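Just dropping this structure here.
Chain nomenclature is as follows: A, B, C and D, assigned in order of appearance, with residue numbering initiated at 1 for each chain independently.
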Amino acid sequence: MDQTRNQPSARKFLSWFIPVGRQVGGWAFALSRVTAIGLTFYLFLHLYVLRLLALGPGHYDEFLKLTENPIIKLGEWAVVAAVFLHGFNGIRIVLTSFGVGVTRQKQLFYGFMIAAILVILIFTVRMY
Amino acid sequence: MVETWKITLRVYRQKENQESHFDDFQMDVNPDEYVLDAVERAWAFHDRSICFRHACHHSTCGACGMRVNGVEKLTCITPIREVTHNGATLKVEPLRNFPVVSDLAVDMGPFYRKMEAVGARAVLPVTEAEIENPPSKWDPDDSQYIRLSDCLECGLCMSACPIMATTPAYLGPAPLAAAQDQGLRRKPELLSIVDCEDGVWRCHSAFECTAVCPSFVDPGRRIMNLRTQVVDMKLRKLFGKA
Amino acid sequence: MSKPQVIIIGAGFTGVATAHDLALRGCEVTVVERGDLCNGTSGRTHGLLHSGGRYAVKDKESAVECIDENMILRKIVPQVIEPNGGLFIALDESDLAYAEQFIESCQECHIPLEELKPSQALKLEPNINPNVLVAFTIPDGTFDPLRLALAFAGTAKHHGAKFHTFTEVESLLTDGAGNVEGIKALNRASGRSEELRADVVVNATGAWAGHITAMAGLDAPVKPTPGIMVAYNQRFVQRAINRLNAPGDGDIVLPQRRMAVVGTTSFDAENVDYIPVVDDQIKLMLERGSELIPGIRSAKPRGIYMAARPLVGGGSGRSIARTFKCYDHKETHNVDGLVTITGGKATTLRAMAEKTADVVCAKLNISTPCLTKETPLLSYRSYYTTPN
Amino acid sequence: MSQSTSSTYVTAPRPDETTWIWLVKIVTGPLLIVLLIVHLIANHYVGSQPSGLMTYEDVIHYFQNPIIPAIEILFLATVVTHSLIGLRGIILDLNPSRTVLTVVNWFLSLLGVFSVAYGIWLALSIASQGR
């Protein structure tokens, strides 16, 4: 008997993010995990950048000019989008964790994702 | 007049120590037959070396779980009509996260050991079964009736769970659901098994288990409920109210 | 002194129960099965733990076997049984006419029964046909087919039996005189053949018994008789509902988990490896099943399947007795080393095993008595938790 | 039914640990949503112009109100806690050995403490620059 093939393995971590063969809750899980990793990365980047505030006016204002750069702006937009996707999905997880709407988790996901996309759209309009 | 479809059954093949591949079998099927019937037909008329597990053919034994076009299905109750169309391909693969014995047959051992570890109930009073449409009120006499538990131990949830894919140590949806079914208040010794890193806290609410469960056990809901049971017990302990 | 070696071909009900019995009596048992456990007739059984009521009128021998074994199984393997009893219900004049001999026969066979007025029956089971004329309670039950076999197999394993699944017998090994000394079997998982030798080979292949005996140049009087079962997606009743009449098509509805399973039919078949489901029989099950439980008409079929009973003896279909036969081929054909067990029903698996083990033990001069009546079985999961 | 030993198949339980970690994570989640809204409103509508804190001066001015560093520090502590518990959860799903997990636990704890301390220092130093 082949004992190794088809077994759980840490090397299969990419499967968390592959939506093939996954269903609604699986997409939510993938989305939640991707945004979580992205936001954690952003959090520490943000903290690092903010040290410029302690260094004095010149450095920080120079940095703020960078935010006019379209790529940085796109990055900011991505952070905002990730926050809303993660946040709305998080509300769904909190609700279901305490038994609220747990048998309606698919509908909850669709509802919250529509809400998230609407808020992101509003933000996009305001940002650009 | 019985409808006939031409389909290609694409079967995952893997023999001891050999590389895996897929074999295609062209066959005429009645679309109202089940996927398991197509696999059995491939074995009976095309290739006697195909290994697969099956027993009851009506969703009581849980032996015939496979991945059909990538999604976990109990093949004995999955009509061909629901998963493919005339002239198309039907791909069957073994469950994920189980050791493959051969082809579509997997070793249920590790999974059954977990079910045994939580003492999953095989039979229970009818009145304790959670069913979709329970009577508004059970007759008091009904508690004498015993029924087989809803969980078929088919392993579909263990295969679909994205967390199971990376951590064999995770107890998994069905064993956690079985613990919830017994109740921590009734069986406090289960607390030490479910309240640990590999227990109830590993679930990240993907609800894939619930989506694939062929028997309406709804492991996702049960895991959520089990968490509140654990938190409730721990808070009571903390505040000295056992 | 080394233990006597026995090979059992087939891990259906008779195979696993015989393995359990022989392992308890101190034999070194090896079970070979071409698929996984219960992939043939046993897995696809209706799941009725017979009280014997169905056979009481026409086949008292089977009826007595059933009620005795029913009570034993309830005791030794409660983990796989819904022990909720059954009802025989009369719906027309011909059913009522059958009632008298039914009561008499059940009493003769010591099958406990109680007569219910229609109102009492409907209170117990509100979903049965409201036009019920009279009903009788009998101690029927439902079991999970695979788990019943797993419990026997797991307990056998605990006592040292070895299980080789996905292993198909290719030929019988014989001495020069045609006596059977072992088997040559193909491991379908590895693709390798191996030879296994034993003092006795037990052919427990049920409907396929003829395939094995043919390898020894013998014939077996087994008649594969398939029948259909339709499982509907709603548990209408808690008890097995039987039509109060001579056994016929679609006259039993069983509760099982969330389902109601209607069965069955009876016809002859040659190739039992794949039995296609016939549309007409599905319609028949719906018709007959909904006579017993009208709600079935609006329920959705969940699983539809065919199983081939291994009936023994002459005649055909329902006229064949449902009891079993165990042959020592030394006595029937002067071929030593081969014992064939076939016929019977799921409910009598333990009794079939006892009889077979008695025959095997007589050949091996083992005097240990059968212990299976009193030995509670381990958890069905022990089949997986016990190393092979 | 026979009882098999659970220890071989289930990692030895470490009670009184993960319940609280989970509880903290599930509570900090909604708390973060509240704090984020407060953070955004404060950023954009309190202190300077409605357009937000677009210059160094704006930020320094903004931090003069003592409630602001308090909110920001609370926000930082919550978000660091939530994200590091989440990160630990993801690493846990990679099935690390006990040793690796212990190292991870220590590393993430220290990282958390360091980040929050750094945040407090930063907030205070910004606030003090306006004086």
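Brief remarks on what is shown
Note that a contact is a pair of C-beta atoms (placed from the backbone, for glycine too) under 8 Å apart; a residue touches a chain by one contact, two chains touch by 3 or more.
These numbers were taken from a predicted model, which means no experiment stands behind them.
Distance from each chain's C-alpha mean to the overall C-alpha mean is smallest for B. Each of B-C and B-D has its own count of C-beta contacts, and the greater count is at B-C.
Between subunit B and subunit C the centroid-to-centroid distance comes to 26 Å (mean Cα coordinates, whole Å). If you average the CA atoms of subunit B and of subunit D, the two centres end up 37 Å from each other.
Measuring from the averaged C-alpha position of subunit A to that of subunit C gives a distance of 56 Å.
If you average the Cα atoms of subunit A and of subunit B, the two centres end up 31 Å apart. Residue positions of subunit D touching 2 or more other chains, listed in rising order: 1-2, 4, 93-95.
Each of residues 16, 101-102, 113, 116, 122, 166-168, 204, 227 in subunit B touches at least two other chains. Contacts with at least two other chains are made by residues 1, 8-10, 13, 16, 33, 93, 97 of subunit A.
Residues 110, 113-114, 116-119, 122, 163, 166-169, 171, 191-193, 195-199, 201-202, 204, 227, 230-231, 234 of subunit B are the ones touching subunit D in the complex. Here subunit A touches subunit B in the complex through residues 1-10, 12-13, 15-16, 20-26, 28-30, 32-33, 92-93, 96-99, 102-103, 105-106, going by the rule given at the top.
The residues of subunit A lying in touch with subunit D in their complex are 8-10, 13, 16, 33, 36-37, 39-40, 43-44, 47, 50-51, 53-54, 56-57, 60-61, 64, 83, 87, 90-91, 93-94, 97. The touching residues of subunit B, counted against subunit C in their complex, run 2, 15-16, 33-34, 37, 40-41, 44-45, 48-49, 51-63, 76-77, 101-102, 105, 108-109, 111-113, 115-116, 122-123, 126, 131, 142, 144-150, 152, 215-216.
Residue ranges of subunit D in contact with subunit B, taken from their complex: 1-6, 8-23, 89, 92-95.
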